[in-house]
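Here come two complexes built around chain A, the first alongside chain B, the second alongside chain C.
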Partner chain A sequence: MEILSYKDFYEEPVKKDAPVSEELTKDCYNVFACRHKFCREWCPDYVEERNESYTSYGVHTSTLALACGNASLPEMKNEFIHCLECGQCELKCPNTMFGGDFYHYATTTVDLVRKMRRDLHAQGIDYDGFDEVQQVIDEHLAHDAGPDEELTSWAAGLDLPLAGETMMFVDYYNAFQTREVPIAAAKILKAAGVEFGILKHPHVTTGELYETDEDKWVEAAKKNVADLKAAGAKTVILVNPHEYSYFIKEYPRYCGTLPFEVVYITDYVNDLIKADKIAFVKPYNKNVTYHDPCSLNKLCGNYQAPREIIAALPGTHADVEKPILQWKYCCGNGVSGAFRKALPDVAYKIGVRRLRHANDVGAEVLLLACPHCKDMFAETKTKSGINIEPVHILEVVAYCMGIEV
Partner chain B sequence: MAEKVVKKDGYYEVEPWRMTEYLHQHTVNDEAIKKMHQDRMLYLTWMHEQEACRCLPGYTKDELES
Partner chain C sequence: MSKIDFSKFHYGNVADHIEELEDIVGKENVMTGMHDRAIRAASCAPFPMQRWEDHIPDVVVLPGDTDEVSEVMKLANKYRLPVVPRGAGCGLADGAFPLNKGICLDMKRMAEILEVDDINRTVTVQPGVNMQELNKVLAKVGMYYPDDPASYGTAVIGGRIGTNGWSVAGAGSGHPANLVCSMEVVLPDGQIVRVGKGGSKKCRNSSAGYRMLELFFGHQGTLGVVTEAVLDCAPKPEVEFPSYFGFSSYDAAYKALFQLGISGIKSVVNYIMFDDEKIDFLRRDDDAFIPLPETVKCVVMATFAGTEGEVLAARKKSLSIMKAAGGHYLGEEQAWGDWATRHDRYHLAVHCRNKAGQVVTMSWHCEDNCMIHSELPEFTHGLHKIVKKYVEKYDGIFDDAGCFIYTGGPYRTWGDYLAEVDVFINELAMTPELWERWLDMKREIAELAVELGGSISICHGACREGDIDVLIDKELADGQFDLMKRIKKMFDPNNIMNPGKYNLHLAY
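Moving on, here comes the complex of A and B:
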């Protein structure tokens, strides 16, 4: 599945001393002209900051202000960092939801935000807190330049081949920060009898790089696609929904139709459960609820499999909110971690609001399908003292299968 | 509103030539269109459950005539 909705004219950079292109100006008018504010009310950032400039309406209007000469680029320094890239506004915008299919013209806020961050950076204008984001980028680039063994060290002892028709792509965040997630995924697949491999040297995928140095990110994307193809991949399983969204929404844009099928791990595991390839031997006697990752639910429209997996868990009592009600949630991290790095206090408030909602449904455990959500909620739980445990859904599946992670 | 439209997979679409003067159609593939339909149905169903189903029904014909 490849979801493509993008505008070529976003490629022309906005520069200090050049007029904003006519196409981009009209595009921004298209949003500016609307006063519905559907985008605003469910924007997780707006709910905390109450500043309309940071909504979809706001970022289009700010860009329009540049086009009309009402503002200068340096004044826009901090305008575009208050977005989590969660995608709620662009899918709920009437331009998309009620007219996008009719006109083949939709609102593409996430792309605009990425573009403006990129264009500002290219002009030497960086938002406050960018240094920390640059650090993350440098770390990931260093991993990419580093030895192969480090990138696959999470898989030590798992005896995974480096080629195969089914490949699991493990990004650096999972490989270094939340390795229990790919380990659980690999052990589940092995126990279910799936033969799969991993790349010897996956290349950098982080969103912070994508919105800072597109060329470098695209170069790495092309290498990933070529290496997966060379490894014989027919199916590629992703274990991070951020990367999943890049693979199905961005990679085809730069690399053409991918020579393999891209599947998210929850879909893959759910199919294994349905095919009786996964046997549960232990109950998970907890009251749980589930948090839809923005990148999976809002950006990719993928919400069914985690719900079906939860329903299949033995002994588990689940109260899971509808996917549409979760359009207004984010854990606070954002699809690019730049938001959390630059605005930690706002990120924390967004996380607390989500945890409280989970608490309100009486859950002891908040199940997750994203490593970034897990990290963000773990921090929010510790800081806030809200008594609810964030747990990755794969860890629970492994637990019920009697697998130690 | 366009007096002539194209019907595709049960949904209406504007004739592409109408989008050549002011705004131009951008890359939107079939999966993206399907996602818009899916999102719209989720939203409208939820709106219905939240609001529309609680609206008072209108008068029936008999009530109106009595």
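Moving on, here comes the complex of A and C:
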């Protein structure tokens, strides 16, 4: 598989007192060469902070300045943390839009941000607030080193096999923080008659680790792929869109073409609905709208299934915005949780803007397809008092099927 | 260009005043990191990367309201610290490019929409508001701010005023200078004044006193800092209709443009001609370009907006004019496809070629001359002659991306035009010597524009290296530049506002 946006020169670390590679300089220059900032007013972080240091232009040009001797790496410690890794700027960029296919070139802000966070960390230059992020990483590494039973404890009583042609991959966030999500997913699949298994010991997939210690993360990625293959997987269903984006976009870089198909849960459920495998027995009489998770919509271009599911929900009145109009929103969490940990106030403002917007269309419920969005919006709702309920779309599907979660 | 000698202005040391600046705007809104300053050295025009360091401001300040701006200006005036206002930083005449470092006053944090008056049809905004975002808010009450440059999604109100910008829709609904009713300005000594068409905040016209408002259009941050503006809004048109016509020669397209211009159709948004070089450039490989029959050499585009009845009538009338002029209608796909991408297909750094046809990464530059109708052919052909001379001589350094010709004046479609040649330049390969050749090219273009009775700039400002000499020595030679100098010195006795811009240091 050819990956258009994969730039292997990102692998060479940027170091204090060492020249920046020619390729990286040119890559950053390509964005500077535009500097029209078509993407800027759409960057959720810029919308709140209105500081162009923290935009695609900002991160690329800072790095270019470094290459040209006009920046100092230690001073740049906070430069790369203001990015949600949402991917909007990559899509809005004419380099990608109009040149991408023809020139085999794309703007890759998210990769650059991850790379620079990593390179800075390797030299002991960490952004303010990194300690809390390290705690999350340590916690998740401890899970990985811990007993199998803990990792699958969310599935207690569900009686799921540990192998199968169809496997559901459940990340640690879902397994420990938002277990209602994988539980709903599993119950829906079971009710629809799908035979599927889960891994005995899924390995760590946490984004914060990926942008801190790539080797460790890749090692875990390889184990996940090998274990899923060994379990007989032909199809792997993801229940967290962040992990979905890693499986779709990052895993093939490190593991080659995956030996199974990767499907997001909303696509899977939507197909079940279309095939009449899911029977709705109860209406969901609410005014709803839907929030596209950045990782699904912007990073993977996946937005259709949730809309079709919502349209199929009995009794539901929906006002759902076009996916492209949602490019400028994020829940505030970011694809790696580092943003929210390091910049909780900005994260909160981003969340408030999105909730207000949902309120403006007259919705009572904001439907979600991501556990991180759910957590972020729940916190934002409580803090702001904005009267709208964030609910995971799987919970509503389960409800309409008459399933208790 | 020889470096300006600023020594006689005895500027203070910005680094000595960081704490005072932090006291005014808050610590988090003062940025001293080299990278934060370095990224604010450039705006969108070709950038002398080999001299990047010379243009890095000493500090970046992000004010939040008028009082903060006023306090910053008082401090700057007291200690003689250069101040360069920065809007979106997408100006194409280097207005926000510091010539003598100093304080970069980044105005984008001031982005509040202060009042929407749906009875008197005005909106009051801070200068950091972007038009596209503004229109999303105005749409909720059926209003619309019609300034529509190709940088619609990026530029901000303060920069539109600072450059005296030009709107693609100006033939129908006016340009920024026609669309601002009044504004608040902080002068170099920190005084806050309101300038309008007379003293009213919202009147569109007045005979009371001098027209002080206009003085700030195109001032490029040399006279003060705009902190608030009251804008004239229009009703959102009921329908919009873009149409494209192919022509087999430049001459035929040029004549058709004239006929359209004098047709008197009121619901016009603009008329645009793409010359043969522009069509060739687009044919190269633009993913978004919809292929045209080979017989099409030039294209004329006509866009209308208004009530459905008006637009229908305009459409009929324009079709018959274009047909009689030898044009053939290129169809809906072409029209809507091109129109839809007009705001974001401008630049493609990888779209350029050397003589061997290989891709070379270059940066876009747009020469925005104003030209009277009678001289358009000589001018645009002359533009290509100049640019091609350099393309030929410096392989892989420059590239000619063709010309656009747009209706130029406000609320009219005749007389003068924005005749723009797009030039790409290879910034990464720039050397001091090549940069001088680039300035020579600019000088030749500016001279041709003035010689043929046009103006060096209709949207961006003529304050860049290369343009400025011709502006002072030729275009404004009949006393206008002397007047500018007198005004500058009166407003800004210490020359702290954007020093060196427009060579106004010569006033002192």
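Keep in mind that, in the parts below, the second predicted complex is superposed on the first by the 401 of 405 C-alpha atoms of A that agree within 3 Å, B and C clash if a C-alpha of one lies under 4 Å from a C-alpha of the other, contacts with A are read in each partner's own complex, and residues count from 1 in each chain.
The working rule: contacts are C-beta pairs under 8 Å (C-beta built on N, C-alpha and C of every residue); 3 or more make two chains touch, one makes a residue touch a chain.
Everything numeric in this text was worked out from a predicted model, so none of it was measured.
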Fit or clash between chain C and chain B when superposed on chain A: clash
Touched partner set for A:344, first chain B, second chain C, both or neither: neither
Touching partner for A:13 - first (chain B), second (chain C), both, neither: neither
Touched partner set for A:129, first chain B, second chain C, both or neither: neither
Per-residue contact with chain A, leading partner among chain C and chain B: C
Which superposed partner A:58 touches (first chain B, second chain C, both, neither): second
Touching partner for A:30 - first (chain B), second (chain C), both, neither: both
First, second, both or neither for A:92, with chain B first and chain C second: both
Partner chain(s) touched by A:105 [first = chain B, second = chain C, both, neither]: both
Contacts of A:324 with chain B and chain C, given as first, second, both or neither: first
Set of chain A residues, in rising order, touched by both chain B and chain C: 26, 30, 92, 97-98, 100-103, 105
Residues of chain A defined as touching chain C within the complex: 26, 29-30, 32-38, 40-41, 50-53, 57-58, 61-62, 65-66, 68-72, 75-76, 79, 92, 94-95, 97-103, 105
Chain A contact footprint on chain C (complex, rising order): 31, 33-36, 38-40, 42-44, 49, 52-53, 56, 62, 88-90, 106, 108-109, 111, 128, 130, 132-133, 151, 153-154, 285-288, 341, 343-351, 359, 361-364, 427-428
Chain B residues within the chain A interface of the complex: 5, 11-14, 16, 19, 22-29, 31-33, 35-40, 42-43, 46
Complex interface listing, chain A residues touching chain B: 1-8, 23, 26-27, 30, 91-92, 96-98, 100-106, 108, 253, 300-301, 322-325
